[in-house]
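Each in structure tokens, the structures are laid out below.
Heads up, the next two complexes both have chain A, just with different partners, chain B and then chain C.
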Partner chain A sequence: MHAERMIRFGRIAFILLAVAALEAMVRGGLINQLVLSAPSRIALKMWEDVLSGELLAHLQVTVMEFGVAFAIALPLGAACGILFFRFRLLGAAVEPLFLAFYAAPTILLYPVFLALFGLGSAAVIGMAVVFGTIPIMVNVSAGLTGVERIYVKLGHSLKATPGQLFWKIMLPAATPTIFTGIRLGFTYAFVGVIAVEFLLFSGGLGRMVSWRYFIFDTEGIYSGVVLIIIVAALANSLVRLAEDRVRARWT
Partner chain B sequence: MKRITFVLILAGMTLLPVTVFGQVKTVKVAMSSQVLLDNLPIFVGMRAGFFEEAGLKLEPSYFRGGGEVVRAVTTRSVDLGATTAASAVLIASVRGEPIKIVAAAVSPLVGVVWVVPVDSPLKSIKDLKGKKAGFSSPGSVTHVSLQVILKEEGLDKDVQLVRVGSPGDSWAAVKNKVVDAGWHVSPSVYQLLVKKEARILFDATKYIKTYQQTVVSAMDDVIKKDPEMIRAFLKARAKATQFIWDQPEKTMAIWAEELKLPLETIRLAYRDLPRSAYETGAPKPENLQATAREVVDIGAVKEAPDLKKVLDLAYLPR
Partner chain C sequence: MEGHINVLIEVRKLGKTFEDAGGNTGGSVEAIRMMDFKVREGEFVSIVGPSGCGKSTLLDIIGGLEKPSTGEVIVEGERVESPHPKAAMVFQLVSVFPWRSALANVEFGLELRKVPAKERRAKALEALHLVGLKGFEAKYPSQLSGGMNQRLAIARALALDPDILLMDEPFGALDEQTRFLMGLELLRIWEATRKTVVFITHSIAEAIQLSDRVLVMSMRPGVIREEILVTLPRPRTIETLTTEACKEIEHRIWDILKVEALKGLTEHDAR
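Our next item is the complex of A and B:
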């Protein structure tokens, strides 16, 4: 308990020190104000953005695009992962190709999505689905493959049906790896949404940051970036909460 | 020993004219996308030796747009912005950056057009209603001028603006039907026209008569540190501009080689260059004011830039 409190205190102290140092460096002229704004100015700009409603308008677009993309990526990735686990030959043949594709800078494919879906949320969602699906797929497959054989043998010895074996034994055992994939897929899908919005200038927080970049509104850029970080952190906490609940249920 | 000393002295004397009498200064210059016609005086100045004569060795860096050039100037990654978007300079100045316009470069709007495939059903700008048009990047010359043109035609609410990037990316966007009309620029657009792949839907220069397209810029402390460098650069640029009109064949040859375009394409571009395109004097007040109005109208800044504050014309050639 004491250690937890110390860690929390250390974290807050570190953030405050970093913010104070940045404030001093920008105000002292050590950092060009077109490169980085003083944290106090960023906070003020964020407040103005909230009051003007601009932040909310862009946030709604981004959250919608991300929500749809993740709602597609999660079941799609899970289904593909289970398929590659069930049919090992297929998995062995195809999975490395997906991984190789993923290792390449996939963001450069955005003109393809632009041509396929046109300018708008569809292209953003399409790319985010690609970003989010692959880590989920890989981790679901790896999680199920990595279940200890002893658990499977136990299931067989208890005369479990294939369905019971999957839902009651394999899936709970694979949960840590699966949730790692879900968190990765979540993060990459979110990054994908922001990045494509930035490139396409279509809408959302990415567009807002892109516009502010081009008009040298440095406080505005970081106001958008800080909000993106806050949204990502909040959403990540939700995923962790879901993971804790699932694990609590299965242990 | 005496022989070695004599040889060393001789070697030192051959370096003397450069090291004492004609120090060659390396000057880092930022320029917008290489394909833009704005850069021609710099190409000519470098190849014809005017900058070298002035004791300057230019190290050019190309950026995607005029706004990126301003970032290079304000972060002091370069000494000069040789083709800086005037709109971006004004925006940076309003944001508190001590960036200065030291000379005009290209004005008014020159060589910017919107093209469609040669078999496109769009015949005039009016046909863009309900369609999509591409611009290079937010806050750029193409973005600002497209908005102005559409407003003038009463189409500002009926056409979707799409960011497409460079002229090459823009044409790819048109061919892939991502946009119905994409921006393009002289001289490279002539290649599409000659090959009958594209035709011009509308020419921005027919709509916008007062605008400061690009300027030469530098940071205040850089100017104060070495005003002679600024003076020498502008003098060499002025000579290059004169050369462009006095020596058309040599100019076209330089331009073709620099951009790796056929000479026939360059001839067409040169033919259509207005005589007033390249300036090294002070920007015309009406052009700069028009640009200043536009940066406010597109929402880039809330207050109009102080033009007196941003101009420093003391180094112009007499």
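Our next item is the complex of A and C:
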């Protein structure tokens, strides 16, 4: 308990020190104001963004795009994962291709989505669906494949129907792994939304930052970036909380 | 003694060959060959043998999880084609579900059989109490010891009110002391319920501690080398298990097993 408190204290101290150092360096002229704004001025700008409603307007677009993308990615990823599990040969043939997604800069495919869906939200959603679906698909398949064989054997000895086997044994047994996939899919879909927004002109938090970048509004850029990080961190910790509760039960 | 009325399980000319067993063995593997034995109602029969002798395969066939290549198994007068509703299995590996509470684990089999919730709960509680887990209903497997989890698995089987318990090294993963105590527990449960038990183990001491009869299996392909009656009085205690009579039985089984285990070793070396 004591060590934990020390660690937390150290972390906060580090952040405060880093912020103070930046503030000093920018004010002292060590860093050009065009490269980095003073943290105090970024904070002020963030406050302005919140009050003016600009943040809210862009946030709404981002949340909508993310929501639609994730609502598609979740069932799509689950269905593909189940398919790959059910038809092992298909999975073995195709899955490694999708795993390459983790290593490849998939974002470079965005022109394809612009061509397919135009320059609006649809392209953002399309790309984010790809980002979100793959980790869910891979983990659903891995989770189901990794279910302890003894559980299945037990199910057979109790004459479980295929439906009972899936809903009462396979799915709950695979839940921790599936949840990891959902968390990753959630994060990746969010990153996808922001990234494609940044590249287009259709609004959203990504666009807010790219526009400010375009007009040399340095404070604005950093305000936007920090706000995005805060939104992402909040969303992620919510998902993690849910995942931790599941894991606590399962292991 | 051989009265056919109370014979509950009959294994007839049973053989099992796994075609294309895969791995480095390449071709097929003959797991068991021409097995014949009977188990009477209320009897506790252990099957011991060296590792890889096909004990588990035998139990899986009796439990209806595997199809025999030759011969047949008759349970309660019917040929076994699929898991018999009056036979419940208990496995060596931890097969309780970590996502279900102790009570919900015990209810599982009844749930699959669509027993109404109220009745299910009552039967599960009864089974939990029988295995000595009263007060642990709401606990999860991760909060219980290895021995308690195996009790839970036994309770899950008992809740189905089976006539037959098919146990595949249920205490194999436990340490020696826990294992011995679990053996005593199982005997207590068995004496209270008088289920017919077929018990697979590789521990000679455990087989003697528990059984009316011990079937000693050979190395693969498994056949029954010898049938040994355990004439020790019941209830069995640490005292009965340290008598000369007990030692003698242990020696007899060892003598048979030694030869078989050595065969297994040389076979491994030859590979």
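Here is the rule we use: the second predicted complex is superposed on the first by the 229 of 251 C-alpha atoms of A that agree within 3 Å, B and C clash if a C-alpha of one lies under 4 Å from a C-alpha of the other, contacts with A are read in each partner's own complex, and residues count from 1 in each chain.
Methods note: a contact is a pair of C-beta atoms (placed from the backbone, for glycine too) under 8 Å apart; a residue touches a chain by one contact, two chains touch by 3 or more.
Since the model is a prediction, treat every value here as computed from it, not as a measurement.
Enquirer: After the match on chain A, would you call chain B and chain C a fit or a clash?
Expert: Overlaying the two complexes on chain A (C-alpha atoms) leaves chain C and chain B fitting together cleanly.
Enquirer: Based on the superposed arrangement, let me know which partner A:Ser210 touches: chain B (first), chain C (second), both, or neither?
Expert: In the superposed model, A:Ser210 contacts chain B only, not chain C.
Enquirer: Under the stated touch criterion, which partner chain does A:Gln33 make contact with: chain B (first), chain C (second), both, or neither?
Expert: first
Enquirer: One more residue to check, A:Thr175. First (chain B), second (chain C), both or neither?
Expert: In the superposed model, A:Thr175 contacts chain C only, not chain B.
Enquirer: Go through the superposed model and pick first if A:Glu148 touches only chain B, second if only chain C, both, or neither.
Expert: In the superposition, A:Glu148 touches chain C alone.
Enquirer: According to the stated criteria, A:Arg41 is in contact with first (chain B), second (chain C), both, or neither; which is it?
Expert: Neither partner.
Enquirer: Using the superposition on chain A described above, determine whether A:Arg183 touches chain B (first), chain C (second), both, or neither.
Expert: In the superposition, A:Arg183 touches no partner, neither chain B nor chain C.
Enquirer: State whether A:Ala115 touches chain B only (first), chain C only (second), both chains, or neither.
Expert: A:Ala115 sits against chain B, while chain C stays out of touch.
Enquirer: For the superposed three-chain arrangement, provide the angle chain B-chain A-chain C between C-alpha centres, rounded in steps of 10 degrees.
Expert: Taking chain A as the apex, chain B and chain C sit 150 degrees apart.
Enquirer: For the superposed model, what is the least distance in angstrom between any CA atom of chain B and any CA atom of chain C?
Expert: Distance of closest C-alpha approach: 52 Å.
Enquirer: Residue numbers of chain A touching chain B in their complex, please.
Expert: Against chain B, chain A makes touches at 32-35, 111, 114-115, 118-119, 200-201, 210-211, 214-218.
Enquirer: In the complex of these two chains, what residues of chain C are touching chain A?
Expert: 63-65, 82-83, 85, 88-89, 91, 93-95, 97-99, 108-109, 111-113, 140, 142, 160
Enquirer: Help me check something: in the complex, which residues belonging to chain B touch chain A?
Expert: Residue positions touching the partner: 67, 70-71, 74-75, 88, 91-92, 95-97, 132, 137-140, 160, 162-163, 172-173, 176-178, 299-301.
Enquirer: Which of the residues in chain A come into contact with chain C in the complex?
Expert: Checking each residue of chain A against chain C gives 148, 150-151, 153-161, 164, 168-169, 172-173, 175, 249-251.
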